[in-house]
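Consider the two complexes below, in which chain A is the common component and chain B and chain C are the respective partners.
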Partner chain A sequence: MRICGLNRRIIRVLLGSQYAHMLEYRAEIALWALSGVLPFIMLSVWSGSDARSGLGLDGVALDRYFLSAFLVRQFSVVWVVYAFEEDALLGRLSPYLLQPLHPLWRYVAAHLGEQLTRLPFAALIAALFFAVQPQAFWLPSLGGLLLAWLATWMAFAIAFLFQSLIAALCFWSEKASALERLQFIPFLFLSGLLAPLTAFPPAVRAMSQWTPFPYLIDFPARVLAGQPVDLLAGFGAQLAWIALLLPLVLMIWRAGVRRYSAMGA
Partner chain B sequence: MGRYWRTLRRFWCTAVAVQLEYQVNVLIELLAVAMSLSGSLFLLSLFYGPEQTLGGWNWAQALMVQGLYTVFDGMATTWLRPNLGAIVTHVREGTLDFVLLKPIDSQFWLSLRTLSPAGLPEIGLGLGLLGWGSHQAGVVLTLPSLCTVLVMLLAGGLILYSLWFLIAATSIWFVKTWNATEVLRALLASGRYPLNAYPPALRLLFTLVLPVAFLTTVPAQVLLGEAAAPMLLAGLGLAVLFFAAARAFWLFALRFYTSASS
Partner chain C sequence: MIQVEGLSKIYRVAEKQPGLAGTLRHFIRRRTRNVTAVQNVSFKIEPGEMVGFLGANGAGKTTTLKMLCGLIHPSAGEVQVAGHRPQRRQAEFLRRITLVMGQKQQLLWDLPPMDSLRVNAAVYGISDAVARRRINELADLLELGEELTRPVRKLSLGQRMKAELLAALLHEPEVLFLDEPTLGLDVNAQARVRQFLAEYNRRTGATVLLTSHYMADITALCPRVLLIHQGRLFHDGPLEALADQLAPEREVRLELESAVAPDAFAGLGRLEQLDGCDVRLLVPRDQLTTVVAQLLDRFPVRDLDVSDPPIEELIGGLFRQGRV
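Let's turn to the complex of A and B:
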């Protein structure tokens, strides 16, 4: 039986082959993991600053928040627009479209394979962090860990759908990846990667709640760090964004495929 | 020498001519720079309240540092990324052979072949921010301080170029690690804030190992009249040292270059 074109065998083969593929590039992925050090740089600035007291994150809570932000980012990085652009440009997309499987599943599997390859490197960086800051060490409870895992995956789903939407626009315009660059800027500043949302002035904070960005880093990171957080509102907002984006992506994708003409056609 | 100047002019004229074909890109770039700068200023403002400073630097002084960072970021977009980013492609596709065969220094060719005007608005905005911050901080510009700052900016540029080139040159061995420069870029982001905003251990790292301090903090200190002579000398020394290292490393790396097919 196939659900959304998938059955257990297809899932196993897709994930297995993509994981093997990503393992080949482990040096590259290790460097990507390392290039996510920005939260640590921001942590060192925040922890020595006068503005720290306004964050509501005392003592080791700040260290834990930024480490969690780093980890959440590691497992919600999305690059589907670049992979898709290359595939479309080189004509690899045409055979994918002929297969009785939505091409987006292939990219989902590639991302999951990459996350699995990234896991040891991210764990190593976290271990290094604890070696430098042993007082910040904590083990989340099993329930907390599962919730954080779920929140991170939901964040990944939102980011993936959002970028697939931009990728699907590649069917119409070659400038679509520039759009990705433009949306990355508000993501960077509003997601909580550089500053916890509690640092924002109330007006900016209220406004940012209406964008998907805080649910990509700030919310999952707070769950992972064991901060008191409104779980219902957070997961509700994540679900709402997925419910909004999913039909939109499928619709635009279908319209795009209809107007797609392969290279040389 | 004259030959190199003539070649350089040709290189850049053709690069600009090519870029002018893509005018929409300029608009997108402008928008991205404006958004990015306002985001950075917003983030910086979070550290400031009444009576608050960042590592002993007040708002106007921190703006100067931010402006200098923007200038260097624009420089990276204009000059370093298009040129040094292409080295990996040359190694992977074997087109480095053609570069090496040309009767011109290969490092010169690889480092200055093209120019992307997309980063120029960023440099302009950065200089504007630096000027505004200096004005607010009450900087009095004298001829000696202007000369010193220009020299320090050149030294900073040389350090940034050498670091970037050193990393790019390792692609002779490790073709796949093209994104090592992304790690460098992430670490360079620490130059957005004054050096004193960091804990002592990181200060040492950002001064000696990864000399971000000489890109932004030290030139701002020169303008504010706070720079210490040993720091300036250290900056110049490091610039020369890093450039010499980049040059020596490139000549060493070329000995290990075997063309793509061999």
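Let's turn to the complex of A and C:
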């Protein structure tokens, strides 16, 4: 029986093949993991700044927040718009559209395969961090870890759906990835990657709660770091964004496929 | 199996003048025009038929194929393939068709074809045992062996195309849309793919619609051809009838014992070439036997050969002359 076009066999085979595919790019993925050290850079900036006191986090808590932000980012990074754009332009999308499986599942599997490949590199970087900052070491409880994993997975789902929405615009504009670059700046500021949201003025903080960005990094990072956080509000907001984006993606996708002219095919 | 009635497709295409001024004008006021890629095309294809789709580049072949398999929505007209409206792309329809495009690939580039075949088997709901049997059968027909366990990027173009065919046919589709399946292959690989397609059609009774730039593909596989030009259908019938229509003359090649003056061939068809003892004449079909008898009677003939001119030349010439 298939649910949303999937069954256990398709999931197993698709994930297996995409993991094997991503392993072929392990060196590149290791560099991607390394290039995600922005939270550590921001940590060093904040650590040496007088403004640190305004963040509401003490030394160890700040270390843990930025390490958690790094880990959450590692497992919620999304690149579907670039892959989709390339597939559409090179005509690789056509065979996918002619198979009885929604093409987005292939991209989901590719992302999960990439995350699995990235796991040891991210773990190594985290281990190096603890070697340099041993006082920041902590082991979250099993419950905390599961909640953080769920929050990170939902952050990935929001980011994936948000980018799929932009990717679906490829059916109208061949270079939809430009829009993705446009949203990167608010993401950078409002997600908590540069600073915990507590660092922002209350008005900005309140406004950011109406965007998906805080739920992509700040919320799951706080859950992982074991900091006080309103779990109900956080998971509720994540669920609401998924519930909003999912039908929107499917609707735009259906309209886009009707328009599709198999560019380059 | 395939019914097409009044099928049309109109694209809106942006127009931009060259240079900076053109770019600025295009940026401020984008101008578009409508391009008719396919115009009022109608035909029927019965189950099991192999039909060739001929036409110059940009004639509308690929656009028609994409509408038939549901990739593009028609601007007007009706299409039924295997009892389905293709543009709805229902799973049941997608299980019954396949599209192979010679220059595009569905196989994962860095993995062996076998990995992509396993994915296809799962997606189409083919059990492991049945998938194994089909892969073995198709691999035998395509002469593929260890290539299936080598990364796709390490395969030659011919091996890759054969693996693509295997992936496209694993679910045993009833309708095959083949767009230039032998493009870029060497002569041997082309012949192998042709043999395979003929054998697949014989074994499964699949319906095949094939476009190709290589006339040998069409002549070897397709008793019936559709000829399309500037989006309009100009011929639908046997290949021989098209050849008769396109080529009212036959080509006679002579090798003589000694050279003869051009005047000597007056009244014996059109002299196309006279190079020493080698002569090439175009003779009206209805006068062929009389002219050949006269040639043998009048000249010291060492060798004589009668054939149709290459059909690529005929089609190209016909379009150049504006006869269609």
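Here, the second predicted complex is superposed on the first by the 261 of 265 C-alpha atoms of A that agree within 3 Å, B and C clash if a C-alpha of one lies under 4 Å from a C-alpha of the other, contacts with A are read in each partner's own complex, and residues count from 1 in each chain.
Methods note: a residue touches a chain if its C-beta (ideal position, glycine included) is under 8 Å from a C-beta of that chain, and two chains touch if they have at least 3 such contacts.
Keep in mind that what you see is a predicted model, and the values were worked out from it rather than measured.
> When the two structures are overlaid on chain A, which partner does A:101 contact: first (chain B), second (chain C), both, or neither?
A:101 sits against chain C, while chain B stays out of touch.
> Going by the contact rule set out at the top, does A:21 touch chain B (first), chain C (second), both, or neither?
After superposition on chain A, A:21 lies in contact with chain C alone.
> Touching A:233, do we find chain B (first), chain C (second), both, or neither?
neither
> After lining up the shared chain so the two structures overlap, which partner does A:146 touch, if you call chain B first and chain C second: first, second, both or neither?
neither
> Would you sort A:260 into first (chain B), second (chain C), both or neither based on which partner it touches?
Second partner only, chain C.
> Quick check for you: in the superposed arrangement, does A:36 touch first (chain B), second (chain C), both or neither?
So A:36 only meets chain B here.
> For chain A, what residues appear in both contact lists, the one with chain B and the one with chain C?
Common interface on chain A, chain B vs chain C: 25.
> Note which residues of chain C are touching chain A in the complex, please.
11, 62, 66, 69-73, 87, 89, 91, 94-95, 97-99, 101, 103-106, 108, 110-111, 115-116, 118-124, 168
> Looking at the complex, which residues from chain B come into contact with chain A?
So the residues of chain B in touch with chain A come to 24-25, 28, 31-32, 35-36, 39, 42-43, 46-49, 51-55, 174, 176-180, 182-183, 185-187, 189-190, 193, 197-199, 202.
> In the complex, go through chain A and note every residue touching chain B.
For chain A paired with chain B, touching residues are 25, 27-28, 31-32, 34-38, 41, 44-45, 47-51, 54, 175, 178, 181-182, 185-186, 188-189, 194-195, 199-200, 204.
> For chain A, which residues count as touching chain C in their complex?
The contact residues of chain A facing chain C are 5, 9-10, 12-14, 16-17, 20-21, 24-25, 90-92, 94-101, 257-262, 265.
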